[in-house]
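Next come two complexes built around chain A: one with chain B, the other with chain C.
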Partner chain A sequence: MGTVEYIQHHLTNNTIGEGFWTFNMDTIIVSFLLGALIVFTAARLGKQLESGTPGGFQNFVESILDFVSTNVRDAFPGHNPLIAPIALTIFLWVWMMNFMDLIPVDLLPWLFQLVTGDSHAYLKVVPTTDLNTTLAMAFTVFALILYYNIKIKGIGGFIKMFLFHPFGKFFVPVNVVMTAIEEVSKPLSLALRLFGNMFAGELVFLLIALIGGTLAVGAAALFWAPLQVLLDLGWLIFHLLVITLQAFIFMVLTIVYLGMAHDEGH
Partner chain B sequence: MSINATLLIQIIAFVLLIWFVNKVLWGPLSKLMEERQKKIADGLSAAEKGKHELELAEQKAKEVLKEAKAQAQNVLSQAEKRGSEIVEDAKVKATEEAERIKASAQAEIEQEVSRAREQLRKEVATIAVSGAEKILGKEVNAAAHNDMLEALVKQI
Partner chain C sequence: MSEKPNTPPSQENRGAPGAAANYLLLSAGSIFTSMLIAGFIVGYVLDEIFDTRPILMLACALLGFIGGIQKVIHLTKRLDNVQSEKKDD
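What follows is the complex of A and B.
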C-alpha cells in the first residue's frame, strides 16, 4: 500500500447513504459509545455516592466538577443552572473523543478489518477529526447563544445589538456586517479549531506510523523501528496535552460566548 | 470529510448527552457537594459558636469565682469581727466578775474585820474591867462606868 493510499484510507469514514444523507457510521457509533460510557459511569457512580468520605473515583470526578464549576463561576456573569452541565458535557465528551486519537492509529482499524473480514473496511475512530461532530457541537452552542441573546435582551435588544454595535449609530450598515461576522465566527472558530487540531494530530500519528510501515524494510528496520517508537511516544505525550487543552478551550469559549449572550450591556 | 447528515445525528447526540449528564452526573453530584459544603460551613460556624460560648462560660465562671471569693472574704471578716466582739464581751464580763468577786471578798473581809473588832471590843471591855478590878481590888460597877467603857471601846 502506498503512502498516500495509507493516509487516505485512514482518513475516510465508514459511511452509509448517498449525498447529504450520508451517515458516517464510525463517527456516530464511536461518539455514541463514548457518550454512553460517560452516562453509564456516571449512573454507576450515582448509585454509590458518598457524602462524608468520597472514595478515589468519586474524588476524581468531584475534582473535575469543581474545575468546571470554577471556570463557569470565573467566566460566566449571573446565574444559569444549565451552563455548568453544558460545560461539563463538552469537556468530558470532547476529551474522550479526542482521546481516541491516542490509541495506536492502526489498532482499531486492523481489529475492525479482522472482525468484518474486509481488509479494506474504512474506520476513522476519532470523532473530532470529523467536521460533522465539531460543527454539531458548535451549532448547538450557537443555537444556545442566539436563544439566550433573544431571551435576555429581547428581540429589540438583539436587533439593536446588530445595528449599533460596535461603532455606534452612524455606521449602521457597517455594524450589521461586523456583528454578523462576529456572531458567525463564534461557532465556526469553535468547530474549526477543534477539528483542525485533532485532524493535524491524527495526521502526524499517521506519518510517524509510516516510518515503520514503509521505510523499515530488512536491516533498515533496526534503525527506523526504534525511531518510530521514540517519535510516537514523544508525540503521544505532547498530544495528551493538546487533547486536554482543546477540550478545555472548547469548554471555556462556550462559557464565555454564552456569558456574552447573557450580558445585557450591549 | 464533507458535511452530511452525520451533523444532525451529532447535534441530537450532543443535546441528549447534555440532558443525561445534567440528570445523572451534574445534578446529583453538585447537589451532594453543595450539601457537603453547607455541612462543613455549618460545622465551622457551630465550632465558632461553641468557642464563643466557652469564652462566655469562662468569663462567667471567673465572675462567679470572684463573687465567691468576695463573699468568703466578707464572711471571714465578719467572723473575725464577731470573734473579737465575743472576746471583748468576755473580757468585759470577766472584768465585771472579777470586780464583783473582789467586791464581795472586800465585803466579807470588812464584815470579818468588823466582827473581829466587835469581838475585840467586847473582850477589851471585859479585859479592861477585869484589869481595873484587879487594880482597884474591888468590883467595878459596870453600870457606873459603862459610859466610860463605851467611850473606851469606841476608841479601839
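What follows is the complex of A and C.
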C-alpha cells in the first residue's frame, strides 16, 4: 500500500447506504459507545457516592463538575438549570471522542480487519474527525439557541433582533441578511473548528506512523524507529492539550451562545 | 422541557461577560471564516429563491466578510480595553 492509499484508507469511513442516506457506521457506533461509557460510569459512581472522605475517582469527577460549574457561572448571565448539564455532557463527550485520536492509529483498524477477516475493511475511530459529528452537535446547540431566543425574547423580540441589528432602523434589509449570516455562522464556526483541529491532528499522527514504513530497509531502522517513537510521543503530549482545549472551547462557546440567547439586551 | 428556567439576566451581568469574551477571542479566526462561509450559504439560498444567481451570493459573501471583520475588531477591542484598564490601575 502506497503512502497516499494508506492515508486515504485511514480517513475513509465504514459506511452503509448511498447518497444522502449514507450512514457512517464507525462514527455512529464509536460515539454511541463513548456516550454509553459516560452514562454507565456516572450511574455507577452515583450509586457509590461517599459524603465523608470521597475516593480518588469521585474526587476527580467532582473536580470536573466544579470546573464546569465555575465556567457556567462566569460565562452565563442569569439562571437556567439546564445549561450546566448540557455543558458537562458536551465537554465529557467531545473530550472522549477526541481522546480516540490518542490510540495508535493502526491498532483498532488492524483489530477490526482481524475480526471481520476483511483485510481492506475501513474503520475511522475518531468521531470528531467526521464533519457529520461536529455539525450534528453544532446544529443541536443551534436549535437550543433558537429555542431560547424565541422563549426569552418572544417572537416579536426575535424578529426585532433581525430587523434592527446591527446597523439600526434605516438599513432593515441589510440588517436581516446580516443577522441571518451571523446566526448561520455560529454552528459553522463551532463545527469547523473542532473538525479542522481533530482532522489535522489525525493527519499528523498518520504521517508520523508512515515513518515506520521504512523499517523494512534494514540498518536505517536504527535511526527511523527511535525518531518515530520520539515524534509520536511529542505529538501525543501536545495533542493531549489540543483535545482538552477543543472540548473546552466547544463547551464554553455553547455556554456563551446560549447566554447571548438569554440576554434580552442582545 | 420541564425545567424551571430563565430569570432574565441581572443588570450588572448584562453585556459584561468578561471571561466569556476572552473565550470568544480564542475563536476569532474561525468566527471570521465562518461569517464568510455563512454569507455564501445565505446568498446561495436567496439566489435560489429569487433566481438571481450569482448576484446575491456575492453580495452576501461581501456582507459576511464585512461582518466578520467587524466581529473580530469588536472582540479584539475588548482586549485593548482590558489592557488599558490594567495600565490605569
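Heads up, the rule we're going with is that the second predicted complex is superposed on the first by the 263 of 266 C-alpha atoms of A that agree within 3 Å, B and C clash if a C-alpha of one lies under 4 Å from a C-alpha of the other, contacts with A are read in each partner's own complex, and residues count from 1 in each chain.
What we mean here is this: a contact is a pair of C-beta atoms (placed from the backbone, for glycine too) under 8 Å apart; a residue touches a chain by one contact, two chains touch by 3 or more.
All values reported here derive from a predicted model rather than from experimental measurement.
Applying the stated contact rule after C-alpha superposition, one finds that A:Phe170 touches neither chain B nor chain C.
Legend: residue contacts after superposition of the two complexes on their common chain; A:Ile152 is shown touching chain C, with no touch to chain B. By the document's definition of touching, of the two partners only chain B reaches A:Thr89; chain C does not.
Of the two partner chains placed around the shared chain by superposition, chain C is the only one that A:Val184 touches, whereas chain B remains out of contact. Residues 82 of chain A touch chain B in one complex and chain C in the other. By the touch criterion stated above, chain A contacts chain B in their complex at residues 11-13, 17, 19-24, 27-28, 31-32, 35, 38-39, 42-43, 45-46, 49, 51-52, 61-62, 65-66, 69, 82, 84-86, 88-89, 92-93, 127, 130-133, 135-137, 139-140.
Every residue of chain B that touches chain A in the complex is listed here, in rising order: 1-11, 13-18, 20-22, 24-30, 32-33, 35-36, 39.
Of all residues in chain A, only 71, 74-82, 148, 151-152, 166, 174, 177-178, 180-182, 184-186, 188-189, 192-193, 196, 249, 252-253, 255-256, 259, 262-266 touch chain C in the complex they form. Remark: chain C residues 1, 3-10, 13-15, 17, 19-20, 23-24, 26-27, 30-31, 33-35, 37-39, 41-42, 46, 60, 63-64, 67-68, 70-71 touch chain A in the complex.
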